[in-house]
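Order of writing sets the chain letters: A, B, C, D and E. Residues in each chain are counted from 1.
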Amino acid sequence: MLPLISFRAIAPGMALAATACLLLLLDLLPTRGRKDHLAVVGLAGVVLSMILSLGLWGSDERAFNGMVRLDGFALFFNLVIGFATGLVLLLSIDYLRRQGMESGEFYILVLFSAVGMTLMAGAGDLIVIFLGLEVMSLSLYVLAGWFEGRLEAGEASMKYFLLGAFASGFFLYGIALIFGATGSTNLDRIAVAVAGGAARDPLLIIGFGLLVAGFGFKISSVPFHMWTADVYQGAPTSVTALIATGSKAAAFAALLRVLLSALRTVQPDWAVLFWGLAVLSMTAGNVVALAQQNIKRMLAYSSIAHAGYILVGVVAGGALGGGGVLFYLLVYTFTTAGAFGVILLLERDGREAVAVSDLAGLATRHPVLALTFSVFLLSLVGIPPTAGFVGKFYLFGAAVRTGYVWLAVIGVVNSAIAAYYYLRLIVFMYMREPEGSPTVLVPSLPAGLALAVALWGVVQLGVLPAPFLDLAQAAVIPLLR
Amino acid sequence: MDPEARKVIEMGYGGAERLTMNMGPQHPSAHGVFRAILTLQGETVVGMDAVIGYLHRCHEKLGETLTYTQYPSIASKTDYVAAMSSELAYVRAAELLGKIEVPKRAQYLRVLVGELQRIASHCVWLGTWCMDMGGALGGGATVFLYCIREREMVLDLFEALVGARLLYGFHQVGGTRYDLPAGWVQTCRETVDFIDRRIGEWEDMLEDNDFFLARARGVGVISRELAQEIGISGPLIRASGVNYDIRRAEPYSSYEDFDFKVPVETAGDCYARYRVRMVEFRESSKIVRQVLDGLPAGPISSRPGVKSVGQVRIPKGEAYARVEGPRGEVGCYLVADGSAKPYRMKWRGASFSNLAVLPHIIPGHKVADVVAIMGSVDPVFGEVDR
Amino acid sequence: MTDAVDAFVAGFIVLSAVVGVVTYVTLLERKFAARMQSRIGPYRVGPHGLLQPIADALKLLMKEDIVPRLADRVVYNLAPIVFLIPGMLIFATIPFAPGLGVADLNIGILFFLAVSAMEIVGLFMAGWGSNNKYALLSAMRAVNQIISYDLPFIFTALVPVLLAGSLRLSDIATAQAGLWFVFYPVIGQLAFAAFIITTLAAENRVPFDILEAESELVAGFRVEYSGMKFALIQLGEYAHMVGTSFLGALLFLGAWAGPGPAWLGPVWFLLKAMGVFLLVTWVRWSFVRIRVDQILAISWKLLLPLSLLLLMATALVVVLRSGPGV
Amino acid sequence: MVPESHYVALSAVLFVIGVVGVLIRRNPLVIFMSIELMLNAANLALVAFGQRHGTAQGQALVFFVMCVAAAEVAVGLAIIVSIFRMRRRLSVDELSLMRW
Amino acid sequence: MGSVIAFWILAALVVGSAVGLVVRRNPIHGALFLVVNLGGVAALYLMMHAEFLAAAQVIVYAGAIAVLFVFAIMVLIPGKEETGPDPLRAQRWLAVPLGGFLALEIALVLRSTVFTTSRSPATVPGGVEAVGRLLFTDYLFPFEVTSFLLLAALIGVMALTKRKAS
C-alpha cells in the first residue's frame, strides 16, 4: 500500500533542502570568488522554512505511514533550528572571508545539516531519527574541520567524526534491540507495545539505554561529552555556534519525542536515569569550566552544563517540563549564538581572540560590544531580566512541581558556581587593562545583524516571555495525547 | 587530458606521499638498459633521474685500436638499429680527412641504403613505441608485429646486398664494398611500394583510434626553445618546429640531387613526433625511388676493395663528419696521426643528445606517459652508451 | 541431504567444465590474436597446437615457487586462492540451459555482480602482499578503476533485468525467447556496447589493463608470482573473463536460444559466449592502453551518465509498455 | 533450523568486540573499522529480529543502515586522509593538542 | 542439522575475524579480517533467507567499503605498523568493564520474552520483491531521505578534497 504522500507535512524541511539544492546550482555561477549571495539565498530559504512552519501552526498530522509527524512540537523546533541556522549563516559571511576559507559548500552543508535537524524534529520513526541524525552529523563533521591546515581543526573534525560514528553505532544497536522487543520502529507502535507489557523486556531496556547513549553524545551530556571541548575549540566559531545550538536542539527534540510519545507510560523508570545524567552534566560541566582559559572551551563546558539544566526539564516531563525544555532551547539558541557571535568578531594580532585575557579592556574601546556580550553572559548565568533567568526559572519550577526538589536545588547551586566563570569574563572586559596589543573589533554588517537578532531574542524572551512560553507548552501537548 | 581528470588521481593517491620507483635497467620498456629513477607523487612523476652507461663497450677506445678498414663494420654496433648511418658517418670523417673522392654511384648507393635504413629504423620505432603504450598483450603488440614484418622485408634487401641482416659493413673509405646484385632494383621497388601502402594502413589504424590520440596528443611537449637549448636533433627537433635536417642544411653524399620534403610540426608532443616520422617514411621511399631511377653507372669505390687491414692510411689532421640518421645527427670526430688507425675517435650519438631532454619534460606527467615519451624519443642504447 | 549432494555433484561438474573451458579459451585467444597479427600461433604441441594449454599448465606447475623474503607471507600466499574463488563462484548461478545449472538463485544477477566484485580483494592482497612497488601501484590503480567501473557495469547489467522484470538469470534468458535484448531498439545496442566496454574494464583488458601494464608496471600485482600461484591467478582471470562472457551472452544474446533441437541450447550458449569473448579479444588486440586519469574520466564523465540515463530510459520504456496500474 | 536467538547472541558478541576495538585501538582507521563492526552487528540483529517477528521490515532497515555506513565511510575516510596529510603519524592519542 | 553446523562454522569465522581485526597490529590485516567478517555476515544473511541483503552486503560492504579502507590504509601508512609508546588513552581502561558489562547484557537480552514466546510461524519472504515493496511503500520517506543523505555525504567529501586541490 502506498503511503500518504504529504508534502505539507515536510514543507519546512523541503524548503531547506530545495534551497540547498538551489545553492548547489548557484555555486557553479562564476562570481569571482565571492559567495555572499549564496548565504543570502540560504538565509531566504531559512526564512521561508520558518514562515512555512508558522503557517502550518496548529496542524497535527502523520504522513508517510507514520514516518513523519507534523505537529506543534516539530514546528516549534523548526523555528528554533531556523533561528540557529539563520544566525550561523549571517555570522559566517564575513568570518569565512576573513579566514580565507570562503566556499559555496560551506553554506550548502550548513543547510544540509539544518535539513537533518528538521528531520529529527519531525520524525515519527526511529529510522527517520537515525537518518536525520546522520544527515546532520555528516555535514557537521565536515564543517567542524573546515579550517583545513589548522591542526586543531583537523583534530576536531576527526575526533567529532570518530566519536560521533561510535555513538551512531550505539544508537543503531539500540534501534535494533527496540525493534526486536516491539516488532516495530514506529514510535506509536512502540508506545502500544510498551503499554502492552514490553516495558519489562530486557531487550527494550538495554535498547533504550543504548539509544540514550547515542542521544547523550549529541546533546553532549556527561559521560558522553568527551568530544565537546575539542570540537568547540577547533571548529570555526560559527560552526561551533551551530553545533551548540541547532544540533543540540534537534537531538533534544528527538529525545523528547521518543520519551514523551513512545515511553511516557514508563516515565518514572527513565526519569531516574536522566536525573543522574542531569546532575552529572551540570556539576561536571560547571566545575571543569572554572579552570578554562579559552573562551570557546569555557563555553563548551558551559554547554555541557546547560545540557544538564535542560535534562532537568526532561526529568520533570509532562507539559510543564517539556514546555520548559522547548522554551529553554529557544533561549539557549539566542544566547549561545550571540555569545559565539561576539567572539567571532574579535581579533588580536591578526588571529582569533579566544583567550579569556584577550577580553581585557574591551569595554573601554568597544563599549557596545562589551555590553552585548555581558547581556549574553548574564543570560547564560540566569540573571533577571535576561531570558536565561526565565528559562531556568521554568525548568527548575517544573522540577519542583513534579517533586524533584533536590534536582532543582542542585541546579540552582550549579548556577551559582557557573556565575563565577561567566562574571569573570565581564570583570576582564570592564576592569582589566590589556597587556600587549589590544583586541580589535572586526566590523561586519551581517554579523552585527545577527547579534542584534540574538540580543532582541534574549531581551524579548526575558522581558515578555509569556507568549513564547504558551507556544512552547502548546507544542508539547500533542505528544502527550 | 584536461586538468580535472588529473585531480581525481592526485586525490586518490595520498598527496604528499612520495614514492621512489626504479624503472629499469631491467624493465620491459627500458628500450634496452635505460634506468630512470622516478619520484612519484601518486601516479604523477615529480622528478626523474636518468642513469645510463649499462651498455658501455668502450666503443671509442675500440676505434683507436682498429684500422680504417676494420672499423666500419664495428661502427654498425653503435646504433645497431640503424647501422648504415653510423658506418657512413665514420667513413665520411675518414674521407674528409684524407680528401678522398667518392664516385657518384657510391654516393647514390649510400643514399639508397641510408634511406632504406631509415625506413627499417622507423618501423622498429613505431612498433616499440606502440608496444610501450599498448602493451605486449594488447594492440601495441599487433602494431609491433606489423611493423616488424615490414622491417623484415627491408632487412631481406640488405641481406641480398651485403649478406648480413643487422650489422652490415657496407661502407668503406672511398665508396661502398658491394654493388647491387641482379634483380635487386626490382625487388627494392616492389618492397618500397608495398611498405608505402602499409604505412597508410598503420596510419588508418592509429589515427582513427581515439585511445591512441589520447595517449599521444599533448603528451611530452618539447618547446622550440628547449629543443634548441638541449641540442636535440632529428625528428624530435623537427617536431618542435625547427626546420633542421642535415641532408638539407649541409648536404652530403649528393643529397642535393634529390627532391624530398623535410616535415616540420610545431606542437612538439608525441603526436607531432609521430607525424614527422610517418612523413619521413614516405619521403624516404620517395628518395629511394629517385635513387633507383637515377643511379649512375661507374665504380662503386675510388679505392680498391679490401685486401689487408692496414691498407688505408689517413694523413695527419682532424675532421668531424655528420649525417642525418633516423634518430638525428650522427657525428663522428676523428683525429688521425698518419697511421692506419685513428689517433682518437669520438661519437656524437643522436640518441644520447635526444635522451637529455627527458628529465626536462617528464616531470608532471603520469607514469604511463613516461614510457610513451621515452618511446617517442626513440633511443637506441648502443648509441647512447657506446 | 540429497539436495546438498546434488548441488555438490553439479558444482563439481560445472567446476571441471569451467576449468576445461578456461584452459582452452587461452588457446582460442592466442590463435585468434595470431590470426590478427598474421601469425600462426601455437602450433608445435599436438596437432595445430591443441595441447599447448596443457603443456603451459604443466610447465607452470613445475616451476619454482618463489616467495619474496620481505613479502607479507600469509597475504601473499592466500591471494591467488582468494583471487580464484570469485572467478569460479560466478559460474554457480549461470543456467547453461533451462534447469541446467548449479543454483538458479532468485537474485542470480546480484549474486554474480557481488561475487565478481570480490575479485578486487584477491587482487589487493596480491598487490600488497608482494611488498613490491610495482605491485602496490598496480593495486592502487585497481581500486581506482574497479570502483569507478563497478557502477556502470552494474547499471548496464540491470538494463536487461528491467526489460525482463526479474533478477533470476533463467527468467532473463527466457524473456528473450522472442527478441534478444541486443536487438531491442536503441536501448539494447547502447546497453550492449556499454556492457562490453565495462566488461573490458572489469576484466582489466587492454585498453583498460593499467593494473598489469607491463610496459610501466612490469606485470602489476602479479609481478612477484611464479609457478603454481601464477597459474592460479591466470586461471582466475580467465575464469572471470569467461564468466562475464557467459553473462553477456545471457543478458543480451538470448542465452541458449537458437535453431535446432533443445539439446543444442548449451552449445548455442557456449558459442555466443565465445562470440562475446572474441569481441573482447578483438578490442584487446587492436587498441593501445590508456592512462589512469583518462580511464577514470571515461568512466565518470561518459559511461556513468550514459548507463544511468539508459537505465532510466529503460525503466520508462518498461512502464510505458506495461501501461499504468503497475 | 537455528533459532534467531543464536543470531542475536552472535550479533551482540560482534557488537561488544567492536566496542572494545574502538576503545583499545589507537589507529583511527582501525577504530573506524571497529565501528563498522558495530553497525554490522546491528544489521545482523535487525535481520534476525525481523525474522523472529515474521516481517521483512528488519531487512528494509538494514538497507538504510548500509547506505548510512557507505556515506559515513566516504566522509570519514576523507576526513582521516585529509588530517593525515597534515600530520604524518596517525594515532588518535597523539591528537592531544587539546586534552579532555 | 546441516544448517546448525553451518551456523557454528560461520559464527566462529565471524567472531574470529572480528577478534583478528581488533587484535592485529597491522591495519591492513585488520581490513582483510573485516572483509572476511563482512563476508561471513553475508553468509549468515543467506542462512536467514535474506538473499537480497546478502548480495547487497557483499557489493556494498566487502566490495566497496572494505576496499576503501584498505585503500586508505595503503595511502596513509605503506608498510608501517602501529609502533611507538602507548600514551595510555584516558578511557582505555574502560574497555574491560564495559566489555564485561555488555556481555552481561547479552545474557539478559537472550532471556527476553521475544525469544521465549512461541515464534510466528510465517517464514519471511527474503527476496528482492518483499524488501523492494517495503522500501517503496512503508519506507518510502526514509528511502528518499537516504538519497539526500548520500548527496550530503557527496558534497561533504567534495568540499573536503576540493580545497586540497586548490
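Throughout what follows, contacts are C-beta pairs under 8 Å (C-beta built on N, C-alpha and C of every residue); 3 or more make two chains touch, one makes a residue touch a chain.
Source: prediction; values computed, not measured.
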Any chain that touches chain E and chain A: D
Number of hops, chain A to chain C, where each hop joins two touching chains: 2
Maximum inter-chain contact count - chain pair: D-E
Gap in Å, rounded to a whole number, between the CA centres of chain C and chain B: 42
Inter-chain centre distance, chain C versus chain D - centres from mean C-alpha coordinates, in Å: 32
Centre-of-Cα separation between chain D and chain B, whole angstrom: 61
CA centroid of chain A to CA centroid of chain D, Å: 26
Junction residues of chain B, two or more chains touched: 12-15, 19
Set of chain A residues in contact with two or more other chains: 127, 131, 134, 138, 141-142, 145, 148, 177, 180, 226
Residues within chain D bordering two or more other chains: 8, 15, 18-19, 32, 43, 48-50, 52-53, 55, 57, 64, 68, 71-72, 75, 78-82, 85, 92, 100
Chain B partner contacts - residues on chain C that touch it in the complex: 33, 36-39, 133-134, 137, 140-141, 143-144, 205-207, 209-210, 212-218, 284-294, 296-297, 300-301
Interfacial residue positions of chain B with respect to chain C in the complex: 1-2, 4-6, 8-9, 12-13, 19, 21-23, 27-29, 40, 43, 130-143, 145-146, 149, 205, 209, 211-212, 214-215, 366-371
List of chain E residues in touch with chain C within their complex: 2, 28-29, 32, 35, 39, 51-52, 54-56, 58-59, 62-64, 66-68, 70-71, 74-75, 78-79, 127-128
Contact footprint of chain E on chain D as seen in their complex: 1-10, 12-21, 23-27, 29-30, 32-34, 36-37, 40, 43-44, 47-57, 59-60, 62-64, 66-75, 77-82, 84-85, 89-94, 96, 100
Chain E partner contacts - residues on chain A that touch it in the complex: 1-3, 5, 10, 17, 24, 63-65, 67-68, 101, 103, 105-106, 108-109, 112, 115-116, 119, 125, 127-128, 131-132, 134-135, 138-139, 141-142, 145, 148, 177, 180-181, 198, 201-203, 206, 226
